[in-house]
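Naming follows writing order (A, B, C and D), and every chain is counted from residue 1.
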Amino acid sequence: MNLEVDLAGLRLKNPFMVASGTFAYGIELGIHLPVEKFGAIVTKGISVNEREGNPPERIAETPCGLLNSIGLENVGLKRFLKGKWSKLKTIGIPVIVNIFGEKEEDFEVLAEELEKAGVDALEINLSCPNVKKGGMQFGQNSKIAGRIVEIVKKKFKSGPVFVKLAPNFVNIIDVAKECEKKGADGLTLINTLMGMAIDVENKRFKIPSGVAGLSGPAIHPVALYIVYKVYQEVKIPIIGVGGIYDYASALEFLMVGAKAVQIGTMLFVNPQIILEIIDKTKEYMRRKNISDINQIIGCMQIRKYRR
Amino acid sequence: MNLEVDLAGLRLKNPFMVASGTFAYGIELGIHLPVEKFGAIVTKGISVNEREGNPPERIAETPCGLLNSIGLENVGLKRFLKGKWSKLKTIGIPVIVNIFGEKEEDFEVLAEELEKAGVDALEINLSCPNVKKGGMQFGQNSKIAGRIVEIVKKKFKSGPVFVKLAPNFVNIIDVAKECEKKGADGLTLINTLMGMAIDVENKRFKIPSGVAGLSGPAIHPVALYIVYKVYQEVKIPIIGVGGIYDYASALEFLMVGAKAVQIGTMLFVNPQIILEIIDKTKEYMRRKNISDINQIIGCMQIRKYRR
Amino acid sequence: MTWPEIYLNPVQGEILNNIDLGDGMFQLVVSAQEIADRVKPGQFVSIKVQEGFHPLIRRPYSVWNAEEGTLEFLIKVVGTGSKILYGRKRGKIDMLGPLGKPFPEPPYDTDVVVIAGGTGIAPLMFYLKYHSIPKSILIYGAKTSPSDYLYSRMQEVCDNIFISTEDGSFGYKGLVSELVEELIKTKEVVPEKSIFFLCGPHGMLKSLDFLPHERTYVSMEGVMACGFGICMGCAVKKRNKKGYFRTCVEGPLFKLKDIEL
Amino acid sequence: MTWPEIYLNPVQGEILNNIDLGDGMFQLVVSAQEIADRVKPGQFVSIKVQEGFHPLIRRPYSVWNAEEGTLEFLIKVVGTGSKILYGRKRGKIDMLGPLGKPFPEPPYDTDVVVIAGGTGIAPLMFYLKYHSIPKSILIYGAKTSPSDYLYSRMQEVCDNIFISTEDGSFGYKGLVSELVEELIKTKEVVPEKSIFFLCGPHGMLKSLDFLPHERTYVSMEGVMACGFGICMGCAVKKRNKKGYFRTCVEGPLFKLKDIEL
């Protein structure tokens, strides 16, 4: 039985990986979890400079969902390369480094340095605020998004570059097409939806910054439909992410065309979930007489859209 | 204690009403529910001609959410006016008639006839497919959305015209602003999110049409944030809708600036929910020493945005 | 306008018993006076399987029996909702009902033949028990033999029981539709002198489409969002006509001649 | 790199008992061998209060006591999760743990003063019970008098108990911080010769900020998404420094000198 997929040149032994920001740097759980069984690791977002992140509360629960505003806390590029990357690369599975910046030049620096370090792949998080545009997210404007892709692609050659998008206040199809045009090797869909929650008893935002990112099972049907639609508009592979909670909800993404998927929030509830998904997927394939997982990919797309 | 709000000229005895399509024509429950205690009724969507709707399954459940594809089943304008409207107008609370069309002219006919009938207010559903544009929703293009508003406003004079929008594959702020510019008296935010669910066991869409509308508690944080943002960009009143499940989740909308709210999906789970929300809101106001519900409206918006 | 005989105030029932009956089925016994006093055969109760919004919508279950303030349900473990219900051995449970139209009064001069697959037996047994029907026949089809308990309960409501099992472990070996054909052949069942009530899986209903459409009633179990007529989710296609019925308020029982299976 | 003493395989515990202790608190007793065998005082267990995804995230609860395969928790009814837990009298329950760093071994030459508000007493009682501490003092503050049962349980683990109640129904009338000041004044508590362990509501902790920062430990109870170090959700501000600690893996116990309340 084959679970291996080719993701823009990355060979993953299975299509199930962690989502950025939901598995720290990928090395924390060490002896507690056989991480090497995952298809790949995606690191938390790395910026040029260290960021301390947002004050609490950083987390609020909503019905079947989670609002977070971690504030992109991370140790910064230098300490990442020194302390984390050296350990990460010994795990033996592909590592996708998620990057973000406050301005265009940040992305250039990150791409350049991570190319030097020889990381396997990059994932550009475009749901981060562009300080020069008053905090508007890079991904909310297709021109700006495309430019970031160009910049990163120019500097980073050691592996594929994925672009991670969110559908907030923008037509995500336009952005996706522009990123493809500018050379993106793949798309990661979707980042969190913008959301909010208020503690009416105390008349305060549950998360002090007000807006936060919504993830978890609540958003699964939305993410799935976005992957379904964007698949019909681009040729580059898609990584599906959003609300996966079991093997079936993961396979749904593959069926609408995703080449691989990421699991985020539900890792918090069940750290074993990726291992369980791998096992249950094998069981499913056995039951359905499917010898290669690639047979599932895109099977819910009508033929004219198939790439 | 005052619960009355002025919604673009409509006087509602409280800001709690049903959402379109989730309470049929408003007259079905008759003796079973004291509908006259609601702030207002919003009818299911009415089109020029009768529509039989979609084949089953029309409903699928998702985590804390509901996917529906009823297919805008309705008796059509003529039978609505004859059979339903004559009963509706005797209930004694404002009735907002939700309308939709397949082409621009449909909206004109609806506005004209409903003006003649003297309905209290209209709500234009712009999340319906524009047959001339290959099924793209009217609300996914701000120019087209604005034109519909113009058309309806020209014909309908007997009360306010609300425009109902969804954030799917579009910057809803742009559309909202355009609708305001073209004379909309208020905005209803939000219609369902586009979503999808697949039965992987049988490799089929849970809802045959594939795409469906996601509603219910799952979308509450998203809807709330959209109301929060759009409030800062327009002057006309907003009706908040999306995932309300109790008095607190309703008041959250008022706190970010909604003048009134609609409750949809949760009516299916608890037909008494609006009555409970009214009671619990009074209890809250008593507890917090709030004499007028208008004091709550917009209290979570920083002053520079307050209208 | 006449309003249906339904009751829209959620009732907090108390779980009295929850017993595994084998073959993936269980019996749920709940005390809920307001509902038990009102319910008539064919009606259903919509159950919120647990607190919170997942599962979000209620699950409709036909009443299997109601007496002295107590309701019984016969439930099969299928998915999320029924699995959780299966695990709920005690405690409060939020119920809405009765909902749906009761089955019609049985005719006094005709045989009543009820044909059930799996838990579809529930409303039909309640029907037989509730009315004093001069002559009734109960035909039950399942994968495997019903539990002794379930069988003895059937015997309480009917003297004429025929059973088919797919594995042949009890009664006729085969599908219930084959058994019915057999019974017609042997004149145990005389279609012209009978009216039929069917309830069960969709495949079973389809396989019985040969029964006289005018004299056959079918109780439908499609997915429902509300259960009381306001969502239009429970559409059943009209036969030879445009449009749909709402299962929840215009059914769940329909004449076979009126609907498409 | 050293890994924390945690256990990341969810365990299906069995609810043995769930008893109302008054004042909005209840005692949850669960059989869960794998966790009970491993847990040390100060660690917590993250509970999935019911099946499904609402509530979505687990709720962390400090272990109140563990012996012979059984865990005890002392829980206050606060919101969605604890309310559902309160209603769960029997059945399986999904637990993840032990999580968090255990409290440090108590020093043998110093008084150990534990100060608790409400259910904050739970980890502190386990600590006192687990270690044979030569001299300990337990100070407990609540709105109203603890139940006889809770009080007797406190007596089992400590001979030196002081209690404050806001309504004056038991012990000192007032806040626990006032009681602590009083006890320092009367030399019952000698800060220079003691180390302090605090656990309780945020307001209580803040009111005790006057205790010697170097000799005072605080067990934090902020909102957690994961509970084992991967989400960065449980941030606690470092004192006089940039950045945050993660409560779940670097705590939940911190020296007061290291964190901002």
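Observations on the structure shown:
Basically, contacts are C-beta pairs under 8 Å (C-beta built on N, C-alpha and C of every residue); 3 or more make two chains touch, one makes a residue touch a chain.
Because the structure is a prediction, the values reported are computed rather than measured.
Common neighbours of chain B and chain C (chains touching each): A, D. The centroid of the Cα atoms in chain B and the matching centroid in chain D are 47 Å apart.
We define each chain's centre as the mean of its Cα atoms; on that basis chain A and chain D are separated by 36 Å.
Centre-to-centre separation of chain A and chain B, using mean CA positions: 33 Å. Under the contact definition stated at the top, the residues of chain D that touch 2 or more other chains are 52-55, 80. Counting only residues that touch two or more partner chains, chain B has 62-65, 216-218, 245.
Interchain contacts join each chain to each other chain, per the touch definition above. Per the touch definition, chain B reaches chain A in the complex via residues 62-65, 67, 140, 167-173, 193-198, 200-201, 203, 205, 210-212, 214, 216-222, 224-225, 228-229, 243, 245, 248, 251-252, 255-256, 284, 299-300. Interface of chain C with chain D (complex): residues 50-55, 80, 83-84, 87-92.
On the side of chain B, the complex with chain D involves touching residues 63-64, 217.
Partner chain B is touched in their complex by these residues of chain D: 52-54. On the chain C side of its complex with chain B, the touching residues are 1, 3, 6-10, 48, 53-58, 80, 96, 222-237, 242-244, 249.
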